[in-house]
Amino acid sequence: MQTIGELLVLLGTVAFAVTAVLAVVDRGIDLFGAIVLGIITAVGGGTIRDLILDVPVFWAIDTSYIWVALMASVFAFLARSVLARKHMNSLFLYIDALGAALFAVQGTVKVWDYGFGLPFAPVMLGVATAIGGGLIRDVLAGRRNLLMSRELYAVPITLGCVLLTLILSYLPEYRYYGSLGCFALIFGLRAGVIYWQLIVPDWFTTKAR
Amino acid sequence: MQTIGELLVLLGTVAFAVTAVLAVVDRGIDLFGAIVLGIITAVGGGTIRDLILDVPVFWAIDTSYIWVALMASVFAFLARSVLARKHMNSLFLYIDALGAALFAVQGTVKVWDYGFGLPFAPVMLGVATAIGGGLIRDVLAGRRNLLMSRELYAVPITLGCVLLTLILSYLPEYRYYGSLGCFALIFGLRAGVIYWQLIVPDWFTTKAR
Amino acid sequence: MQTIGELLVLLGTVAFAVTAVLAVVDRGIDLFGAIVLGIITAVGGGTIRDLILDVPVFWAIDTSYIWVALMASVFAFLARSVLARKHMNSLFLYIDALGAALFAVQGTVKVWDYGFGLPFAPVMLGVATAIGGGLIRDVLAGRRNLLMSRELYAVPITLGCVLLTLILSYLPEYRYYGSLGCFALIFGLRAGVIYWQLIVPDWFTTKAR
């Protein structure tokens, strides 16, 4: 299972690096900027988590995450005209959803296992693992980020992290299936949001003046 | 005194979360974004301080700060139309000034007690405790932040932190009254700035071209 | 040699603080904001490096970096009309290049000496030491940062950090001359970029739409 889990996180890393490059490519960027933003997006969330958790950053222990993010960023930059086509682009939205679900579950479990700041920190840092890299990318690229958007991106992630923290707290014997279930929940909700283009209902939103 | 100090910092946490939500609510934001920005504003400055100080982040040790920031953010989002009225809004400016004064004094004393980077770090991280969360909020919300504004926000805070560091260095026996005095100084100066709408004099400012 | 190295890093600190103030001075900023942005630019990159490396931040151990950055920022603010003249401004571009080359080499060697995340981390954190402070400055000042620009700023730095990491890995006996050589390489490339106003070739860049 360890190996499958690691492979999935590497897949999430690829997804985040590729979608990051595709997200900034229309703002006028060079290969170097694309690589930096690709790597930051892929490992930034986990880096924030590990800094706050005060454990060694994961990519310094296993540098394959950097290697994979680097290759994926270069690939995305070179293949950008193909990848940016409409059906390819929506394929990558689903792969990004896969990455976000994986990172959220992995982050929540890691923080829980350290017994850090229970019960809030596993949720907060699980969400940070999934969305932190994208937030830094958007700040550096001068883009409007997901906190200021009505797309349902962080809400499904947060629901999954809350549910997983509850399972780890009250049903620790279901840790394995609970992780799988919360992964499926986040991915399923995100896939639904992407497919039906759902947005946050008016009642939960304020209008920009 | 410990209990009163903790209560005051919790009050500062409420103030920062509420003013954060009110600050971003007119940019079009959903409940989730309001909660994230409310919590980040309330605990972000202290988190930067603790990361640089290399001590466990305060909200992981006592999660009541997160709980309080979460409740205050939800409350501010739901009650935004009442809270945004003119006299309520200026009331919250004073409560924000209270929070900033409390966080600055608490941050300075904490860094001093660790003997960290004397004599600069207590001032720098005291100021960071008070303004760091607001800076992250403004960057994420795409707002012009206080460093680029002529409002006298950080200057009174810095004066208080410098004075408190001097007292802790040369008059350690006045630690208690010195903390109270610097708190009163920062709050008093901020209240004066808010009441008389003072700005940085021309001589200390460059014109935007 | 230690003393010369330290003097050079202090010179780099002065260069970064002064160029930071000159970079933001035309956006309308007060003396306090200039000092904060000057200090953040001068020590921000090294702070990110030390946080990720999980070692005490360098300016807490030797506070002269803060003192020097503070003095340089005040000086730059007061002397801004003289310093912003055309020939002075281009002089500071070269001094900034000197600072970037020094910080990159020093950051790479420091991370290498901790054996941290080899072989990627020395390059990543060497680059972060050199450009991190400027990125934070540009985010806080609302400026377009170097990642979104076609100026060849980070590429020469990255080349130097990669070459130095290779030398430290495969030719450790040339550590001293390798450091000098990579410093000269970065500074020479940057000086050439500034002198001939080189930009990233079209082929490596996407157009802003």
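Residue numbering begins at 1 within each chain, and the chains themselves are lettered A, B and C in the order written.
In this section, contacts are C-beta pairs under 8 Å (C-beta built on N, C-alpha and C of every residue); 3 or more make two chains touch, one makes a residue touch a chain.
No experiment lies behind these values; they were computed from the predicted model shown.
Q: Using only the C-alpha atoms, find the rotation that maps subunit A onto subunit B and quote its angle between 0 and 180 degrees, to the nearest 5.
A: 120
Q: With over half of the numbers shared counting as same, classify the subunit A/subunit C interface as same or different.
A: different
Q: Based only on mean CA positions, could you tell me how far subunit A sits from subunit C in angstrom?
A: The answer is 30 Å.
Q: Pull out every residue in subunit C that's touching 2 or more other chains.
A: 51, 54, 139, in rising order.
Q: Can you list the residues on subunit A that touch subunit C in the complex?
A: 25-33, 36-37, 39, 47, 51, 54, 56-57, 59-61, 63, 66-67, 80, 139-142
Q: Which of the residues in subunit B end up touching subunit C in this complex?
A: 51-52, 54, 116-121, 124, 135, 139, 144-145, 147-148, 150, 154-155, 158, 200, 204-209
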